[in-house]
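After this come two complexes, each holding subunit A, first together with subunit B and then together with subunit C.
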Partner chain A sequence: MAEPAYTVASDSETTGEEKSSSTFPEIAIGVDIGTSQCSVAVWNGSQVELLKNTRNQKMMKSYVTFKDDIPSGGISSLLSHDHEMLSGSTIFNMKRLIGRVDTDPVVHASKNLPFLVQTLDIGVRPFIAALVNNVWRSTTPEEVLAIFLVELRAMAEAQLKRPIRNVVLTIPVSFSRFQLTRIERACAMAGLRVLRLMPEPTAIALLYGQQQQQTSHENMGSGSEKIALIFNMGAGYADVAVTATAGGVSQIKALAGNTIGGEDLLQNMMRYLLPESESLFESHGVKEIESMALLRVATQDAIRKLSSETSVQVDVDLGNGLKICKVVGRNEFEQVNRKVFEKCESLIIQCLQDAKVEVEDVNDVIIVGGCSFIPKVKNIVSSIFKGKQLYEGMNPLEAAVRGAAVEGAVASGISDPFGNLDLLTIQATPLAIGIQADGKSFVPVIPRNTTIPARKDLVFTTIHDNQREALIIVYEGEGDKVEENHLLGYFKIMGIPAAPKGVPEINVCMDIDAGNVLRVLAGVVMPGSRQPANRVMEVRMPTVDDGHGWCAEALHRAYGSTLDMVTVQKKA
Partner chain B sequence: MSKKKLCTPLSTFMRTSLTSPSDRFTKISSSQIKFSTFASPSPPPLALYNPTFHKLGQYFLGDLGFCGKSICSKAAEKLELRCWNCHSVPESLPFLFCESCRSIQPVDKSVNYFDIFGSEKKYDIEDKNLEGKYKEWQKKLHPDLVHSKSKMERDFAAEQSSRVIDAYRTLKKPLLRAIYLLKLEGVEVDEEQTVSDPELLAEIMEIREAVEEADGSEALKRILSQMQDKLKHLSDSFDNAFQSRSFEEAKTTIQRMTYYERVIEEVVKKL
Partner chain C sequence: MSVGIVSGFHLNLNDNTSRWRKNYNLIRCCNSRRNWKKAATQKNYYELLGVSADSSAQEIKEAYRKLQKRYHPDVAGQKGHELTLKLNKAYEVLMEKERRRKYDESIGQMRVRFAENGTLLGYSTWNGPLRPRALFVDENACIGCRECVHHARNTFIMDEAVGSARVKVQYGDANQKIEVSVESCPVNCIYWVETEELAALEFLIQPQPKEGYGVFGGGWERPKNVFTAAKSLNQQLKRQAETGNNQRTGGDFEETSAQAEARANASMKMKMGSVLKIWNWVKDTFGMNANQG
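Coming up: the complex of A and B.
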């Protein structure tokens, strides 16, 4: 997997030190790569410590600038001003772009960023490029992320004075398994081994579990069960989790996530301030990029100010005779972003319902992430919980990375004499996994919010007489129709004995192990037989690579419904 | 088409990675083969009996083939129990985890879900501490905590941990618990089997219509509380029937409970 082109120099040292690491387990570092900001933390033996870069920053901007031949990222780079970052040569928002095809609305929304995002709208990966010496130089989100991770790794190695290999990364709840493979690939390119990919709110749940454990130790109590709702909204994603914790064990009861975040608030606001902005900037000329950058920075500042003030004066000269001079009120900002805020609300309500937890049962409400400073976000949460006091004692920007660092120590087998690592998070699947059947319907085999490890079976059957083959097309998501979900892979069951339709029983079994690896098994059993008619197939998913958007269409074109299946039992 | 035929487990044909740590474990495995002849009619019908790769589904209540196991003298077997690693005798039962060397033991199918939760084998269980007990076990058995241990023990962790998850789910839900109890007694319940009581069917039809037509959450909530009352009543009759060992009656009660349970699900979905 590892791409030597991106390994850092210290990789050779790592191999030399591998032997000693067996006796002294290497503590994995926790990394939170946000859409806009990133941080690194590690368990230092008694507590979590955030690492700082050479400029003494704990929060570093997530971007990579391509200049001449040497790219440099937000960890080491000394960009003096935001405008420089928005000159066309810098790629950011990788986390929003990674593992998405060019028909994805999120990719389309990225087209007015000050670098090139080009789409052909056919379901392949988008073309992404940075302006280097006046030429659009192509790259990929994985590559950008890998370059960034190399810098991050070098920074951590310099500070901890040891080679770093193992990482725990936080990821958005709504990431598909395909996107997870892209993250893993970027890590491999950077010479890092992913010990765990943790949905962001579950990292926060772990930290909460640790805090509860410490409090109950102090009070000498047995520590009764506590239920917390965690709402985490950053620049790119909003996530919710309901966790029940007791004695250091946190059970994730439900997860919900969506691609809404500060970036949407920003873009909606930019469109509000300059309605024709998208068409104006479409050409991506040098002048346009400059104007776009100016507007972006001015809008960002305005939004930030609106968290503490009720109105703000936006005064910016975008060049080309374009000037914006406007007073924007907080209520305008809230009105412009009404849909985003409504989505936040429905995510929280859905998560509570999925967890089968009533508002009154929630002991603590935790809101974190960059957007947690926005008064409207606080209001939404507080009105759902009927004015309940929000949980204090968590730094909204550091909670996820701290949780990841704790998980890094726990997963590395480190123990703490005071029992501070005596913790466990029992994860649940954020998205349902199922197959195409009953026409173009998505039939979940493992429903969302199933505790991991999980194994489920469903029985399907043929739709034609003497149908000898069947296609198993695996999807992940929440939509009723397959098109609304992420394709994970497909394979064909062959050698079905000749029989009238509806007779052969096609068993589809899905297994997610504790390491979150998904395996799909399928076999045919004829009634009356106890042996499968043919060898059972076992496929580790996802198998799809690039261009997965049109795979399903191509399959449909080639086979129509000749290899289709229907469910044997209607789900209760 | 009888669903009883659908029980051939896929996992039986799957790769297994476990090596038997002791004769005792092998013995369980071989006895398990015999159990797999039991049919499991509960949906989804694909039963996974293979003890070396044992992760059960949420809706699948099985692994109950071992009801035949009650013939074996449990006590006699427990006497020989020793940790596969340090050979010490278990401090407490059920023996899923060795307290002296902290290693996870292989799955023993003769330990039932009630044993795992230290509860009496009865319907009306004090369920307030299930979650606590469940977490206590997970803290000892969860695969996340045994990264540095051998492949074999990691497999034990995976199996034990998912069995505890299944046990927890089963005992937590009254309907699942009821079905499980009957299975332990060797009585299979086919939830899908239609009830021929015309009165019940007419009633369910009527309720379904009411749910369809219900406008606003008030009406739905009213139906919901009615259903919950009915369920509570049935739940009590199940308990009585089970205690007096009238298993056929208990079985019919379960089938009735299933109908109401589904209506409740529909209502909750609409709410």
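Coming up: the complex of A and C.
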């Protein structure tokens, strides 16, 4: 990695419990950094083992507290109560904010968190700050994650008694490639090398594949193919995958993901309990932050209780004469969050359609993640699958990290004498990748749900006579218009031979390798010629850095349509 | 200088000896008959997967997974990249009925599939449950007027290569639309036939390569009266089933699975060799660090 190792002082020494681990030194660990909770697991030679912190917890809260300039994360520091965590000096929910610009609706929805998230709506990174001794200390999602990863790493190193360098991280399906680079950067800052970034449901698919392999000791390739639907909904994101598993090979048939999660349920509930909350807390004073925090904690508790009870009493004094005293029923909760649940439903249905799988063909339905405890979520899934029994045998909170640990072992080339690692996940692209052409249209070169490694090409041409240059602007997403998609980068092809418009053939090829690295190649061929007219450009994407939100607009202002292209032919 | 890039760029890595031909391919890419040309110069997908041309989707899937498990970059490292790309491409095409049919046509493979019980697999698929009657176009009589396609576009398609209409999906449209399209045929070549006979009819109406003698003969042919031919074929099949002689008549040779695997392995190794050569060259030249996640 090019970035220098960035280490942050951690105030407390993590002393792991004595344990004889028979792990090989080079096994990558699996890390699941959730929006609210995180965990670490490793293949210990015969099975997956979750690492515990000094307080014997397997699940740790994902937050960093800034105090007197020495930040400390949720791994090592001990907080007496949630309230302290919400005093304005603690930053969390970074997984929702990483790699997003301040025009993103998700960033806007994060403004009522009990620390500062400020937007200027100009396409730059939002201003995020913690209140330390009455002064706003600015930070970035990458920094917060890095601090956190340093602590996770220290914890793992202390327990495994070896240096940790390689990690497999799980990520939401809906993350753009730009967001992935931010995760990679956070890892680099923490001195970690990313071996794989796995979409969360595919990690679960791998674990499922292993379980199937273990239960049926049949030879590989035997006809016992099993199709599973995996629905994973945590605090920040909801993801769906359809996987076909046989003989330890899990083939991801389709992926779908969205930025909906427990956090949305929480915010909708807070708004329901205190409709004017947003304007009340806008000034972000110490008092307001405290009230915001109290409301948050009380609402969170209420939602948790509603998973087992049909109604709950919310009784909280927010200070400043604000008091909430209300009985909330489960049906009210479901009504308030109707839209979120509808979105879950459509996500599952879309994924099934993309995978070309009928409800009846699905052998197992797996629901995991923090939100899988919510009765309504279970209802939605079981009504789609006509009351089918849900798959048991997976811990809803640990499945993703366990899958990541298995992938860590597989990708590190570890073999298991019992064939427990004789596994493979054949991944697919969650989002289409293409370029701008035909005006402001997004023309996908690699469609969504293409098996990777993948390589596809399309031919474009010039729109002006004697056009000598063409701009390749690479986007990722599902929208028909480029503005609806994520910008990944841009470069220019130069030296196109002078010719009437429509004559030069500009071949744009995209290649994604098994490590999910995207390369874009572009070359020009003149009809009748047998070799490229210029040097073929090969660019590794993404190339954009922070502030990219306004890049596309600036490009358009500067060049208009002078360097535009049109498609030569749509794929039949 | 740019040989390595060029070959990576043009998707053809299986014969790196003739690089100019590769560029030639690229130019043809913009040709409307792209698929034909492309397929002709590339390795056969069936050979790549080590399956016979008449294998079922299930067999293809299994072969694909078996090969993936050996050559996927997660297992074999970066050197498996090019091969896995090809496997993915082959799989993508062969797993989709329509694309596989087009591919078969383009490589001149006639896929004649005799199922275990001696019945033929026809061309059309069914929308909804199997019904006693099915639609069939006598392509000998069809004049290619497209009336039926116009009235029931989900049921009929036009085969541009042969110049006649064909049933793609049985009952693909509402009954009324189908009635109208049958009525609309100016030469009355759309028939309601017994479902049992459909497979044989659909098989026989596909033009078969005709054996040539020197400069005479050759080309393609189909039976003059497809209905009588289908009857006799069905009888023949029935007799075969009775005598327990269920041999496939489509394939030229039978391969045991061990033989097939050995053949696949051998050809794979040869291909891996050439892939490796290029890969090392690219790596040396550009110092690409492929293992960076």
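The rule is simple: the second predicted complex is superposed on the first by the 540 of 572 C-alpha atoms of A that agree within 3 Å, B and C clash if a C-alpha of one lies under 4 Å from a C-alpha of the other, contacts with A are read in each partner's own complex, and residues count from 1 in each chain.
Simple rule for what comes next: a residue touches a chain if its C-beta (ideal position, glycine included) is under 8 Å from a C-beta of that chain, and two chains touch if they have at least 3 such contacts.
Computed from a predicted model, the values in this text were never measured in an experiment.
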Clash or fit, subunit B versus subunit C on superposed subunit A: clash
Which of subunit B and subunit C A:465 touches, first, second, both or neither: neither
Which of subunit B and subunit C A:410 touches, first, second, both or neither: both
Touching partner for A:424 - first (subunit B), second (subunit C), both, neither: both
Contacts of A:358 with subunit B and subunit C, given as first, second, both or neither: neither
Which superposed partner A:248 touches (first subunit B, second subunit C, both, neither): both
Touched partner set for A:193, first subunit B, second subunit C, both or neither: second
Against subunit B, colliding segment of subunit C, chosen among 188-196, 206-214 or 224-232: 206-214
Interface residues of subunit A shared between complexes with subunit B and subunit C: 225, 246-249, 251, 410-411, 422, 424-426, 451, 453-455, 457, 459, 505, 507, 509, 511, 513-515, 521, 523, 525, 527-532, 535-536, 538, 568-569, 572
Residue ranges of subunit A touching subunit C (in the complex, touch as defined): 1, 184, 193-197, 220-221, 223, 225, 246-249, 251, 410-411, 422, 424-426, 451-455, 457, 459, 505, 507, 509, 511, 513-517, 521, 523, 525, 527-532, 535-536, 538, 568-569, 572
Interface residues, subunit A side, partner subunit B - complex: 25, 225, 244, 246-249, 251, 410-413, 422, 424-426, 447, 450-451, 453-459, 502-503, 505, 507, 509, 511, 513-515, 521-523, 525, 527-532, 535-536, 538, 568-569, 572
Subunit C to subunit A touching residues, read off their complex: 2, 5-6, 8-9, 11, 20, 23-24, 26-27, 29-30, 35, 58, 61-62, 65-66, 68-69, 72-75, 78, 80-81, 84-85, 88, 91-92, 290-293
Parts of subunit B lying in touch with subunit A, wherever the complex brings them together: 1-2, 5-8, 10-11, 13-15, 43-46, 48, 55-60, 131-132, 134-136, 138-139, 142-145, 147-148, 157-158, 161-162, 165, 191-192, 258, 262, 265
